[in-house]
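As written, the chains take the letters A, B, C, D, E and F, and residue 1 is the first residue of each chain.
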C-alpha cells in the first residue's frame, strides 16, 4: 500500500509532467524500485506539493538550477517539458536559460538553449 | 561618457538591489574597472532589463542557480537581499532554497538557508 | 507527533553523529523548521537506515563525495566526525580523502585534508 | 623500461578492472602516451596500492565521488564494473548511488543508477 | 544595424574560429536570436578583443577552464579547434589538458584528451 | 632518500612559488606526509617540469581553471602569487580572470578578482 506522501507525490508529478512520472518509475523498477518511490515521495510529495509556492515559480527555479549545473541533461529536458506544462511560455523559459549565462557561463546557457530547442520541437505551440 | 547599456544597467541594478551596485563597482575600481562596467552592462543592461520576464521571476532563477552551484556565497547573499527587494517574501525565498535539495543535494540547500538566515536578519520584515 | 520515518531518522542520526542532529535542527528552527524535519526523514530515516549497507561504508561514500564536490565544508566536517564515530580510523579517512586527488584534483583533496586535521584535533584518539 | 610504480600500478589496475587498463592505455597511445603512464603510476601505483584501505572500500569512495560529480560518465562506468570486480554486490553499489541523492541531488543519483543498469546488464550475476 | 561591439566581436570570432561563429549563430536563430548577438558582443566584442592578452594565451585559459569544468563538451571542442587556429600546437594543447588532472582530476583530463583526439583528427597537421 | 621525481618537483615548485612548497608540506606533515610527497612528485615533478610548455603558460591554465571551478580559494591564491612569480603581469592575470566570466559566470570571475586583489596587495609591483 502506498504512503500518503506517495499518493500526494504522484498527483503532483501528474500535474507537473502530465504523466505521473510513469517513465522514470518503470525505468528504475528492476534496479532500484525504492528509489522510484523516494523520487515520488520527497521531491513531489514533500517539496513540490508545499503550498508556499506555485508550480510555475517552482519550474523557473528548477530550469535555472539544472541549466546552471549543466550535468543533468535528461532531467533538464524533463523539466523543460514540465515548465511548458505548468504554464510557462517558450519565451519565458528562454529568458530563464539566457540569464544563466550570467551565473554559470555562456556554455551552460547555450547547452540549455539547445535542450530547449529539442523539447520545444517535440511540444509545438498550439 | 557611459553607454546606453550602462545607463540602463545601472537603473536596473538600482531596482534590483536598491543601490545601483555601488559597492561592487567601488571594490573593482583599482583592480578591474572595466569589469565593473561589464557587470553593469551585460547582466543588468542586457539581461535583467529584457521585457520578457519580471524581476521577481528573475530573482527566483538567480537564487535557485546560486544555491545549487554552492560556490558563490557573496553573490548569493546579494541576490537574497535583491529577492526581498523586488517583492519575494522570506517564505517564498525559503521555498526556492529548500527545493534545491532535490537538484543539488541537502548540503547546498542547507548552506543556502544559512545564508538566507543571515540576510533576513539584516533585512527585518516591517 | 513525529512520523515513523522521523523517529527512525533521529535514531539513525544519533548513531551517525552521536547527537541526533540537534545542532542543525535548532539552527533551522526559526527559518525552515520543515527542512529540519526533511533532513531527519529522508537522508537518515529513508537512506542511512536501509539494511543494505552499514554505516561505516556509508560514511566512506559521504566523505568521498563531499571532498570531491568541494563546496560544502561545514557538512564535510560533520561527516568527518561521523566517520570517526561509526568506526573509521583517522588513517582510513585520510586514505579516502587522498584518493579524491585522482577524481577531483589535488586542491579538493588538500582542502579535505585540512578539514580532517581540524576535526581530528577536536576528536583526539583515545 | 617501466618504473616500479608503473609495474605496481599495472598489477593493481589488473586487480581493479581485470584488464590492467589496456583499453585506456591504447586509446591514449597516439595522443598522450605519457598520460597513460601517469594514469597507471599515480592513481594505481601510488594511491590504490597503499595498504591503508582495501579495494572494496576504495571503490565505494570512487563510485560515490564520480556519481556526485556527475560529469565523468565513462569513468563512472569503468568503476561500476571495477566495483563488481573487487567484490561489491549490485545491491551495495545501488545503495552507494542512491545515497548520493542526499549529497548531490536526485538527478546525479538517477544518472548514476542508469549507468549502473547498463554496466550490470553487461556483467550479469553468475 | 549591428553595434560596434557586434562588428568587433564578429571580426574577433573570425580570427578565433575561422568562421565568425556562423554555425552557432544560425543554430540559435529560431530560438534565441538575441542570445546569438550577446555571444558575439560580450565574449568576443568585449573580452577577446581586449589588447591586454593575445589570442594564444586566451585559448590556453579557455581550454583549461572548459576541460576542468567538464560539463561543456561541445564548447570545449570548438575551442580546441580555435586553439589550433590561433597558433597553439597539438603538443601544447595536450600539455594544457594533461595539467588539468592536477586541478580537476584524471577523468576531466581524460575526457579532455578524448575530445582533443577527435578535434585533431578533423584538423590534421599540414 | 628522495626520489628523482621529488627532487625535480621541489626544484620546479621553487621556481613556481619561490619557496619549494615548504608551507603546504609542513602543514601536511602530521596528517598525511605521503600526500605532501605526492603533491611535489606528480604535479611538479611529473607535470610542470615537462618541457612542452613554459611556466608562464602553465600558470595561465591553472589560474583559469581554479577561477572557473570556484571552490578552491586557498590554491587559487597560491597560484595567483605563482603567476606573478613566473612573469605574468597583474594586468595579464586580470585578463585571464575576467575571461572566466564567459565560461563560468560573473560570480566566479568576481571572486577570482577579489582573490587577486588580496594577492596583489601582498605582492606590490616594484
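Throughout what follows, contacts are C-beta pairs under 8 Å (C-beta built on N, C-alpha and C of every residue); 3 or more make two chains touch, one makes a residue touch a chain.
As the structure is a prediction and not an experimental result, all values here were calculated from the model.
Q: To get from chain A to chain D along touching chains, fewest steps?
A: The least step count works out to 1.
Q: Specify the chain most distant from chain F by Cα centroid.
A: When every chain centre is compared against chain F, the largest gap points to A.
Q: Taking all residue numbers used at the chain B/chain F interface, answer same if over half belong to both copies and different if under half do.
A: different
Q: Using each chain's Cα centroid, which is most distant from the centroid of chain C?
A: E
Q: Whole-Å distance, chain C centre to chain E centre, using C-alpha means?
A: Once rounded, the distance between the two centres reads 40 Å.
Q: Which whole number of Å gives the spacing of the CA centres of chain B and chain E?
A: The mean C-alpha positions of chain B and chain E differ by 28 Å.
Q: Suppose each chain is reduced to the average of its Cα coordinates; what separation in Å results between chain E and chain F?
A: Roughly 23 Å, centre to centre.
Q: What is the distance in Å between the mean C-alpha positions of chain B and chain C?
A: Spacing between the chain centres: roughly 30 Å.
Q: Pull out every residue in chain F that's touching 2 or more other chains.
A: In chain F, residues 34, 38, 42-43, 50, 66, 68-72, 75, 94, 98, 101-108 touch at least two other chains, as defined above.
Q: So with touch defined the way it is at the top, what topology do the chains form here? Options are line, ring, star, complete, other.
A: complete
Q: Along chain B, where are the residues that touch chain D in the complex?
A: 68, 101-108
Q: Mind listing the chain E positions that touch chain A in their complex?
A: It comes out as residues 24, 27-28, 30-32, 34-35, 38-39, 42-43, 66, 69-72, 74-75.
Q: Within their complex, state which residues of chain D touch chain A.
A: The contact residues of chain D facing chain A are 69-71, 94, 97-98, 101, 105-111, 113-114, 116-117, 120.
Q: Using the touch definition up top, name the residues of chain F that touch chain D in the complex.
A: Residues of chain F touching chain D: 34, 38, 42, 46, 50.
Q: Okay, in this complex, where on chain D does chain C touch?
A: Contacts found on chain D: 42-43, 47-48, 50, 52-53, 57-58, 60-69, 72, 75, 91-92, 94-96, 98-104.
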